[in-house]
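Two complexes, one shared chain (chain A), two partners (chain B, chain C).
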Partner chain A sequence: MAQSSFQEISASDFFYRNRDIAGFTNPSRAIFAAIRELVENSLDAAESLKIPPDIYIRLSTQSKDKKDEQVFKLRVEDNGCGIQPRFIPSAFGQVLYGSKYKLKQMRGTFGLGGKMAVLYGQIMTHKPATIMSSTGQAKIYAFKLMIDIQRNRPIIMDRRVLVNKEKWRGTIVEFYIEGDYLRAMPKILEYFKQTAMVNPYSNLTFVDPKGRLYKFSRVTTEMPDPPKETLPHPYGVDVELFQRLIYVTKEKNLLEFLKNHFHRIGNITAQKFLEFSKLSPTKKPKKLSHEEIVTIVQNMKKFKEFRPPDASCLSPLGQDLLEAGIMKELNPEYIVVNQRKPSTYAGHPFIIEMGMAYGGEIPRKNSFQIYRFANKIPLLYDEASDVSYKVINSINWRRYKVSPDLPIAIVVHICSTKVPYKTVGKEFISDRPEVRREVANSLREISRKIHHFMSKREHVNRERKRISVFAKYLPRIAEFSTNLAEKEKQPDIKKLIASVRKYGEEE
Partner chain B sequence: MAQSSFQEISASDFFYRNRDIAGFTNPSRAIFAAIRELVENSLDAAESLKIPPDIYIRLSTQSKDKKDEQVFKLRVEDNGCGIQPRFIPSAFGQVLYGSKYKLKQMRGTFGLGGKMAVLYGQIMTHKPATIMSSTGQAKIYAFKLMIDIQRNRPIIMDRRVLVNKEKWRGTIVEFYIEGDYLRAMPKILEYFKQTAMVNPYSNLTFVDPKGRLYKFSRVTTEMPDPPKETLPHPYGVDVELFQRLIYVTKEKNLLEFLKNHFHRIGNITAQKFLEFSKLSPTKKPKKLSHEEIVTIVQNMKKFKEFRPPDASCLSPLGQDLLEAGIMKELNPEYIVVNQRKPSTYAGHPFIIEMGMAYGGEIPRKNSFQIYRFANKIPLLYDEASDVSYKVINSINWRRYKVSPDLPIAIVVHICSTKVPYKTVGKEFISDRPEVRREVANSLREISRKIHHFMSKREHVNRERKRISVFAKYLPRIAEFSTNLAEKEKQPDIKKLIASVRKYGEEE
Partner chain C sequence: MAKKSNSTDKNKEIIGSLKRLGTQIYDQLENGVFPTINMPSRSIDNINYDPNLRQYVLGEKTVTRSSRNIRHLKPFTQLAWAALFSNELTFHKKTSTLRDVYYSAQAYNMTFKNQQESNNIITDLETAIGHSREEFHIFPEERSAVFGDLTIEYTVPGYEGKTMNLSAHPDGVLIGPALTSSKFAKTSADKIIAIEKGGLFTRFIEENVHKKHNSILVLTSGQAPRQTRFFLRRLSDELKIPLFIFTDGDPWGMHIAMVIISGSANAAHLRNLNTPDAKWSGVWASDIVKYKLPSDPLDDVDIKRLHELQKDPRYQEDPLWQKEIKTFLKIKRKAELEAYARYGLTYIVDEYLPTKLK
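Moving on to the complex of A and B:
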């Protein structure tokens, strides 16, 4: 009978059994996912210290086997902040343990990617992972680790302490993984290319199994400020979160509680909100009843006077960088970019940035080329499920004199303290209504600009046709009239044509 | 600094923070997801006893608020196997606890859906869920529960024991949830309709918030055999799984170990495999070194003589039922169905069944209509990311005289002891190479049949045109010739036309 066999499994075991949901679906995606997860951890680690990242990735194989699926050694080195030795084993050997569970713009969000890479490597090769790290102090710590999947705990096979003569700082991860590099290669190279495009202050060096070197060098050492941790915005607070805040707060009255635990609630807003909720500012937060908490949370959604979230905790690309990136990558004839004001979903501020480019080197296909980024990482899989794709395909493009068979590229970047990914593998953005609305508004704004350009272009084309008619027949009329008048010299028709031309001379 | 702030979170907290990955993305999807998760648990619970399911679902609201997002009371009653009282709190109040972690064909697979529904309800309304259940014995147990999300443990608010006078058996779940029913309605009704189509032995009754009753009645009481638990197939075994089996085995030698812990390894196959791996049949499993284990697991993939998985643990629809379901639902002009032999991915047997239907009541759109099912549940979201969608769109349809603008519907059903979903929300099937191959092979087979039909149809059309030319001009020629010959009576041309006709008379 079904009831006699209930069991509990660990989080590690859950992801071992369901690795598809973390992006480790097949040998080709697995090798892509392992590389990107480690590279993104490295970018975060360097950015947290405002150091331009230097990341070295090497994928190598000993076997001469020509089979599709081989065992590779993957090594990723960075110059990031390093990890203190007491955190290293769990940071790589325990699922749902990490430094990423914060309201802060980061590439990683699930505290899962690095461990999944190690876990996937282990279940196929049964070899331990090696982690070396130093925070730049006197010592370097080296661990050999495996994961006890059923208990979700790291197993330390070996631990060494080395003298850090050169004050090296960073992390090196090395482990073995079964994968299909040949199939993964195009996506991996595209990943590096797009990553370089939105992280222009990074050096990425990739050595592939054939020994080929791909180098993506930084073009600037200007760094954005490291992301700041932020407080939850009241519009996105649920009862669970509110209770957690009450549990940890040291504030003695509701007024101070609201001011110090929520994003952009000042004295006046707090007072107005408490009035709106018919609660005394001096009430102790820990004395609120369950009913009062539910009412407050519901009122937080209804109250109209909370200020919108502050973008200072977000680090968008900015219109200039976005435009420069698109120009460099796609070299289009015409480009429009747009950055929306910060908005919020479920308490998390986010910003949508968008660019649309036409012509030039953009190829003509049956559909728009869509480039998707989230917190400065490219999203390369499952495009059709992304909210941007859905919005783009629900627009009546004819209104903007645009059709999908034109050479048009659309670049969408969402940055947020918490990107609403639909899968743990960070493949696409889910269809949150607030995000959809912002994407749609942004798209409409750039579409209007592109419409203006397309209309002008259409007008110019129409004019060119009109002029070419004049240019074709006027000389004949001139010739005929000259003959008819029995004159020798034909009248100058250039002036005549110039007088009907609305736009400048064509080249 | 990043390193000073590592933390561990519970599985429950993980899914609370990342509810998008469990399908609870927005108020519309959340209400859909809550209903389907509970209905699928109920279907599993009834099928496990081979009882035709009777499921009653009611969604009601007290509020007169005309806002999109309202608080609803959701109640789901079934006549399934019931849950023993000691398991009830964790079965509804602890994530990653359940009866679904088995190699067995079930609708639920993650042990997550029911809890996510309760959790989502709780974080928005802060009201407890009520669970009543009986296994048909003397007592009915009723619990009021909430989830301690940070600890991932149930909180029992109230527990009652009732006398079960009428020997009722089943489970009733009732809780409050915030949602957007108006937006979710079309998907919910479509879900019931398609569920009824592939579960023809079920009664589904749904009462919506306006009091409208939707009834989907069973057309048969014939039930498939309950799914059996099966052993892992050697082709899909990894080192982790092999070690777990060694840990639990009571077998004293490798020969017996292989025979008793793997799917379809008999005496002869086991001996051949051990010879292939150069291992003694009498070796003790617990004495295997790590290197030997890795070698065995690698050899399991290379060894060609393992028998394919046995379909007896799977419960596909079967070609007749599939055809009947399609006929009933779509009423097409022509239909082909196909069932593939069982195959395996990562040790899990699976079967692909497919149907293709043309014309009749199938509307003409710009793309094929795709109906997706997995273990007899319909998949309604994120179609474009599904492996079937990808395969269907990668086929050169011209070769089969088919184009996407024809009125064609394609039905794909995968059944497996473990469906490779890409998301915990069970929206779509991931792109496992073995699954892709089977879907592609199945599609080619039915496409060849549809090609035959389309060719014949084209031929008939061409003939009709040819005949219509004869039919148009022959009477005139006859008339002209009759006049020319100065005769009165025209010759009978019907015989002549019949003689050039290759196909029967048109209606």
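Moving on to the complex of A and C:
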């Protein structure tokens, strides 16, 4: 019998071996994923201070050969909050290390993205990454880092402290990556365009390896209020999370523990819940047995008296910004937007925002152009698996005078403290009944509005056409009858034509 | 004779009608109202058979074409154009065919979707001013022929006063605008024979039917074109001689004769296109039996057509029609004019015709 050998692998090792699940599938995909992860970190960093983001991205060639797959230097610079020096090595050199594990609507969630990029670059090129950052204080810190993959630890190759004369605040990340830019290019540009659409208050500047400059400029400095941190709602708690909370808590009894670590549990609710669970309010949390923990978690899902999660911690874009973003990137003839009231799934609040744009520069295709966003990041892959795709395709469009061959774009944005992604790659939203319902409701509302617009437009067009028919034929009738009647001058028909217009007045 | 064929007077009358139409439209525009045109309705329910006139006529109902109505606007404009165009034709004594109308419109930057559309507008104009398009110089393409001892005098420009005898050319003479507008000067004929088919027309000329039977021969080439019907009516009226019609012995041939005699519903807005006193002389269903003619069985469409004709008001006039329809339905056979050839080439002329021309 063959001897099996067991071996523990580290988180970084695990994700390196399974880089597919984080989106680093192949050289073209990897270069796209790296840019995307760093840009999203930068957006998060600027938004946390409610500062309109200024992000500069440069991809430059290292090798001169003509091979498709080349080594590129990627540099991303932002004006975000910066990182405190003691966190820099782990933030970029330790997988699953992040500041975003708290419950808060952010683009980053897994503590993985930035590192995967650095890791992928390191494996392919054996070069360290450089991170420079300042929180706007007196100093700028510059690190040269590599990742010890086996141990999931950062290796600091070099550490420098510079004087921050200009009071610069932000972060610069620079590393080497192998990839296929030409193949990745369309997706990368699409990514910037869509990111600009849903972050209309951002400046994105991209210089590609050929030296071409792509600029996506902000149209507003208005920004939504930044997301607020929130406690987990009892409906969304699992055993793992509960144990972690017990581990960190300083509370000495269950009543206080429930009140202080969970969203929507006050004194009375806590007492009622403990009664419901037949537990003493004075019991020490750290003394709970595993069976008791399982029962509490199960009861948290059964107990009917928790108020639903409060969505004020969320930071949706809002109808005005959504409209501004769509206008800026799609330049349509007409836009309708809608923001749904907050809803929840499994204890997580979420808000659906949608927009529908018609005409203008939107191309005519055989299907609607769908733009999907989650927590203000574009989702570019696996459209057909996304819940909104399914909803859009199940609607009876004829009711709304709309058909997929019209130049119509549909924009869907979901924001939540926990976006129901199907994968770590943040590609598409899973089909949960609560989410599906909200998407469907929102879609119906914008469809109604677009229907109204289309009917009005049809009316105006019909009117315009009607008037033009009169304007075309009446003068001819005048001409022919003048000749036939052998008159000298033609009758004045301006009034007649004007009378046709009177009830066809356009706005 | 030839009292009402003064085409110059006719032209003046037509030009007058067209000018009145133009003035009516002009005045309405001048008064700031959307011009309208009233004309008799040509819808089925307004087409009646008039037993006195022995033709179809339009009833009391009228329709109004209003330029206020967006759906009427284009046809209204086309009608105004057609009136102007016809006016110019008539004034300059030029002729045009229906096809020409369709193309000429383009020179005036007027468009017709197709020939059918321009034909319809011409029919509207006929209805609106109460004159046939031939009178305002628009003719169809199809032409039929005439042969026999009739001397005509042209009235068309360049030929005024010139004469010609219609037996001058052995193939017959085309019935065109110049002929239909000519005066009839002199004839020795005492009857007209209209024949449906070219083969037989030629045979009749070869066999000297015009001499043997003192007749003017007219080839209709199937369903007779309107100007040929107009021409036949003039011949019969002005020369005061009877018209005999020979067609194939089937419902279709029978109906060719009927349209010459009683006109068609399509031309209910017009007069003088039919010759009510003309006679259908064969081939009758009873001839098929009597002469034991080689015949073919009737098809389903033939039988269906016979049933339709049985109810047609035009077929109620003379008991002959009902009798022949019944015979057709009984024997369920049809025969062509050429069927008489079984008795030899001259039989139809020497034996059959004399019995029929009474």
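Just so it is clear, the second predicted complex is superposed on the first by the 352 of 507 C-alpha atoms of A that agree within 3 Å, B and C clash if a C-alpha of one lies under 4 Å from a C-alpha of the other, contacts with A are read in each partner's own complex, and residues count from 1 in each chain.
Basically, contacts are C-beta pairs under 8 Å (C-beta built on N, C-alpha and C of every residue); 3 or more make two chains touch, one makes a residue touch a chain.
Please read all numbers here as calculations on a predicted model, not as lab measurements.
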Task: Based on the superposed arrangement, let me know which partner A:82 touches: chain B (first), chain C (second), both, or neither?
output: first
Query: Touch check for A:482: first (chain B), second (chain C), both, or neither?
result: second
Message: Let me test your reading of the model: by the given contact rule, A:290 touches which partner, first (chain B), second (chain C), both or neither?
response: first
Partner, of chain C and chain B, that touches more residues belonging to chain A: B
Query: First (chain B), second (chain C), both or neither: which does A:466 touch?
result: second
Query: Looking at the overlay, what does A:493 touch: chain B (first), chain C (second), both, or neither?
result: second
Field: Touching partner for A:90 - first (chain B), second (chain C), both, neither
entry: first
Task: State whether A:474 touches chain B only (first), chain C only (second), both chains, or neither.
output: second
Interface residues of chain A shared between complexes with chain B and chain C: none
- prompt: Any idea which chain A residues touch chain C in the complex?
  reply: 466, 469-470, 473-474, 476-478, 480-487, 491-493, 495-496
Field: Footprint of chain A on chain C - complex, ascending
entry: 18-19, 21-23, 25-27, 29-30, 32-35, 67, 70, 73-74, 76-77, 80-81, 83-84, 87, 110
Query: Contact residues on chain B for chain A in the complex?
result: 1-11, 13-14, 16-18, 20-21, 25-27, 29, 44-45, 48-49, 81-84, 87, 90-91, 94, 96-99, 101-102, 110-111, 122-126, 135, 149-150, 238-241, 244, 290, 293-294, 297, 382, 384-385, 389, 418, 420-424, 428, 430-433
